[in-house]
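In what comes next, chain A is part of two complexes: it sits with chain B in the first one and with chain C in the second one.
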Partner chain A sequence: MNVVETQNLEKLFIDAGTEVRAVDGVSINVEEGEFTAIVGPSGSGKTTLLNMIGGLDNPTKGKVQVDKVELTELSKNELIDFRLKNIGFVFQSYNLIPVLTAYENVEFVMLLQGRDPKERKARVNELLVAVGIADKAKNRPSKLSGGQQQRVAVARALAPKPKFIIADEPTANLDSKSASTLLDIMQQLNEKEGITFLFSTHDQRVIDRARRVVTLTDGKITEDKIVDV
Partner chain B sequence: MIAKIGWNNIWRKKGRSFLVILSVAFGIWVGLFFGAFQWGTFVQKLDDIVNRELGHVQIHHPEFVDEEYDYNFPIQNPDKVRDVLKNDTSVSVFVERSIFSAMLQTPRNQSPVLVYGVDTTAEQQLYSITSMITQGEMIAGRRAPSLLVGESLANKLNITLGSKVIVQGGMLHGVKSFVGRVRGFYESPNKMKDKIVIYVHKSDLDTKLGDGFTHEYSVLFNDLDLLQSNKKRLQSQLPVNQVLTWGEIMPEIENGIEMTDQVMFIFMLIIWFALALGIVNTMLMSILERTRELGMLMAIGMGRWKIVQMIFFETTILTAIGVPIGLFLNYITVGYFGEVGLDLSVANAAIEGFGYSTMIYPAMKESFYYQVIFQVVLVSLISTVFPAMRALKLKPIEAIHKN
Partner chain C sequence: MLLRLAWRNIWRNKRRTLITLGMIQFAVVLATLMATIRDGIMDIQVENVVGGYQGYAAINDTGYVEEPSIDYIVPYNDSVQSFLKSQNLIKSYSPRIIGGGIITRGEKFKIGRIVGVNPALEDSLTHFSKNLVKGRMHHSIGEVVLGLGLAERLKADLDSVVFITGMGYQGNTANLMLKVVGIIKLSNIQENKRLAFVTLEEAREGFALYEGVNQIVLGLRDNTKAKQSVKKLKKQFTDPVQIYSWNELNVPLYMLVEVNDAVNIIVSAMLYFIISFGLFGTILMMLAERKREFGMLIAIGMKKSKLSYITYLENTFMAIFGTALGFVIAIPVVYYLNQNPVTLTGRNAEDIAKFGFEPLVRTSMNFNIFMWQAISVLGISLFFSLYPILKIRSMNENKAMKG
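Up next is the complex of A and B:
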């Protein structure tokens, strides 16, 4: 079953009076349980494509469906609500809430969803264990390393049980060891729990782990291959 | 959790938060203090001039005031006036005086004066003339009437205790004069009055001048709020005389109070404007610094209304901390100056010009608290609207990538 479907997705920017086609007619389907990397050089349109799939940006043209819901037809508030319930985000620079602890950062999205306290507690503890950071639950982000922060970010993205997780260059700011640990965790979550991951990356370590690699060049898909792992 | 984020955000930049708290505290403090100052001034003026001297209303011959306190225009049918005032339950106190303009002459000097023929015992109901005496005394029944003269007038005319002076006025049957002896000096809070008013016992005056004229009834009511209706009623009962309120007799005092109100209103506007600028600036800085974080919150599904709630929560907390600090500062300063008084002798001349005391004792009214706190909270919340709007306009995708 497709979690994501895009049809002729286009995004135009005007940069210094010049029209730039960041994404140019991209049609892509992502099935449930995929561990897919969208790769390409800087400026190839990876992030722009993910932003449109994640409902953070509107396409200039084309359609994008997540779980059969056409995102371009949703209002701003409906989109916020849709993201809250269906999409998990992992950002390149972690973007945790600095004034909350690791535990509270993970719990926060569930609070926005209005989940009851028991469920939240159980889920947060389960996720913190899953990402190997349970002993740092009470630490604020400033007391965590980059790798630990990114693991908290992954736990936060997973907390509301989203349809899929968008990870924009998740390892870009991490050292090899931290990146490897993070990828191990995400891979395990994908394999054991069937969580769908969609990465944008040009990090070879991520590409090596991906089971599908979609290459974007100048906003167009130039290669889409299934990798035998 | 939103409250927790808001709360922790406040303490992220302590200096900035303290600035807002201090602004709010300062706004409350200054607002209340000046309210107290204004009210204290008003009460003082009322006490100095109205309660102690003019009365709430005065009754005269209809032409007495226009004729510049001429002796020839006494109260008409004073017995009826006395009866009406005695039987009116709204009247708390009334005194009768013989007042007229005159010339005080010493062998070498002279000066225009207002002669107040008073019954010192009756006047005690309004204020104690004897308590103003700085030297000497005021004894009734002497052959040469005892005069009580303001110290400043005495200095001006080089009068000493025991000096004989001539008081001469334009009287009903030609110019009459009497010789009095200065037996006391006084000093009142009203410096202007000290220069022109001399006191004499009304009984002595009646004996010397032989007419038994009364020129003025000064009346205090039980309830000042009913001044206008009381005045109307008295006027209808006493049509041959004229009833004037204190504001009509001395419009400059009423104008002075109104002018003070206006000055204070402008002053408060400036204070609120400064407070608003401070809050807008600080909250805007706070939001600009958190642009990426706010973008992330929107991206992961935090609704716009919740973002606004969070920002308003922060201002509300800062205001809630600032308000009691302001109240405390006000409590201390109004408490202190309410006891000790604020000496405005620096602006002595101008204040004396209005004829009242240079010592002001700030006083609080309960309504000030509600008014000022309401105004500060309102200004704080209104000031947050602009920063909140800025936050709402953020686009998550742009905000996340802001450095």
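Up next is the complex of A and C:
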């Protein structure tokens, strides 16, 4: 089953009078359980594409369906609610709420969803162990390393078991060891829980971990290959 | 959860929060102190002038209010007296005959006012005898009690003899020869310098006013409600004899009180304007600092209304807490200065005395002042707390996350 389907997705930016077609007719399907990397040089439209799929930005043209729901037909507030219930996000930085502990950050989205306390507690503890932060559950983000912060962000995105997780350059600010640990964790959770991951990256070592690699060039898909493991 | 988040956000930048709280506190203390001191000074004035001699209410001819001449009289007979006694709002009353004249002793003279009163009735109203500096109250013909300032001017002492030449009722001339039996210190500086008290009978004879009096001063059940009480009583009178409250009898003083209230509002408004800037500055800093975080929160699915609610809680809490901290300091100080008024000395005191004010600083414990300060601070902060809400409403989570 396809979690994401796009048709001729297009995004046009008008920047100081000049038009930039950041995403130019992208049609892509993502199936449940995929672990897919969007790659391409800087400015090729990776962020713009992921934002449209994640309901963070409106396409200029084309269609995006997430779990059979057409995002372009939702209002701004409906989109916020849709994201809360269906999509997990890991950003490059500024992922966490600085005044909440690691534990509370992981719990946060579940709280917003109004999940029951017992369920939250079990899930948060399980994930903190899975991402290797259990001993730092009470630390605030400022007392965590960059890699640890990103692991908490992954746990936060996974906590409510969303339809899929979007991660835009999750390792960009990390050294290679932390990056590789983060990828290990993402991969394990993808296999164990079957949650779909869609992430963008520049980093060849990260690309090597993906099972499907979609290459964007100037807003167009120029290559889409399944990697045999 | 939202509460916990708001609470922690308040303390995420301790120094800024403390500075903001301090600023609100300082403004509340300053505004409250200034308002209560100004109000207190006016209270003293009103007490001295109105509570001392003028009275909180009086019955007289309408013409007398404009021009206090001895020719304007009101009846004072048995039926008037039983009417006054029958009124629940009126506690006590004292009839007065008031004439102007020159008071002479030897080479010294002074233009003054000769007030004919029944000492017992007058005492029940104004408690004059308490303010005697020397001697006793007058009780028979030929006796006079002088205001201390007047006595000093005339260099008069007990047993001195003074002469009064004045204008009596309807053009009669008045000539009186009186012996000083008492000297009284009147709280109102002006009255202290010009009043001389004689018996009602003496004034009647001397000023040839054989019927009625110029004024019946009233003591009310509740002087603080003088205006309302008089309003109720007015229906029972027919012009030209009318009942007046102190603010109608002493328009300049009443205007001074009103102007003072207006000045209080302006000064407070200025102070609160300063707080507003401080608070707004804090809010702007907070917004700039947390823009990315807000973008991220909306991106992961937090409703804008929830986010707005958190910022609203934060700002409201700061305002309430700052105001409370202000009162923690202001109320004891105001209370202390209310119980222990400070008498000013030196040049300032002289300047103040020149305006006829008593150089005494005593704060007013008027609950309304505190209430208005609190309402203002809260109003301002609630108003400024709307700004982040507007910002969040129009926020684009993508742009916000880019910083």
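Just so we're on the same page, the second predicted complex is superposed on the first by the 228 of 229 C-alpha atoms of A that agree within 3 Å, B and C clash if a C-alpha of one lies under 4 Å from a C-alpha of the other, contacts with A are read in each partner's own complex, and residues count from 1 in each chain.
Methods note: a contact is a pair of C-beta atoms (placed from the backbone, for glycine too) under 8 Å apart; a residue touches a chain by one contact, two chains touch by 3 or more.
It should be emphasised that the depicted structure is a prediction, and the values quoted were computed from it without experimental measurement.
Trainee: Which of the two partners, first being chain B and second being chain C, lies in contact with A:K85: first, second, both, or neither?
Mentor: Touch status of A:K85: both partners.
Trainee: Report, in rising order, the residues of chain A that make contact with chain B in one complex and with chain C in the other.
Mentor: Chain A residues touching both partners: 51, 54, 56-57, 77, 80-81, 83-85, 89, 91, 95, 97-100, 108-109, 111-112, 156.
Trainee: Going by the contact rule set out above, which residues of chain A touch chain C in the complex?
Mentor: So the residues of chain A touching chain C come out as 51, 54, 56-57, 77, 80-81, 83-85, 87, 89, 91, 94-95, 97-100, 108-109, 111-112, 156-157.
Trainee: Could you please specify the touching residues of chain A with respect to chain B in the complex?
Mentor: Listed in rising order, the residues are 51, 54, 56-57, 76-77, 80-81, 83-85, 89, 91, 95, 97-100, 104, 107-109, 111-113, 156, 160.
Trainee: For the complex, which residues does chain B have touching chain A?
Mentor: Within the complex, chain B touches chain A at residues 1, 4-5, 8-9, 12, 292-293, 296-304, 306, 396-397, 400.
Trainee: Which bits of chain C are touching chain A when the two form their complex?
Mentor: 1, 5, 8-9, 11-12, 292-293, 295-304, 306, 397-398, 401
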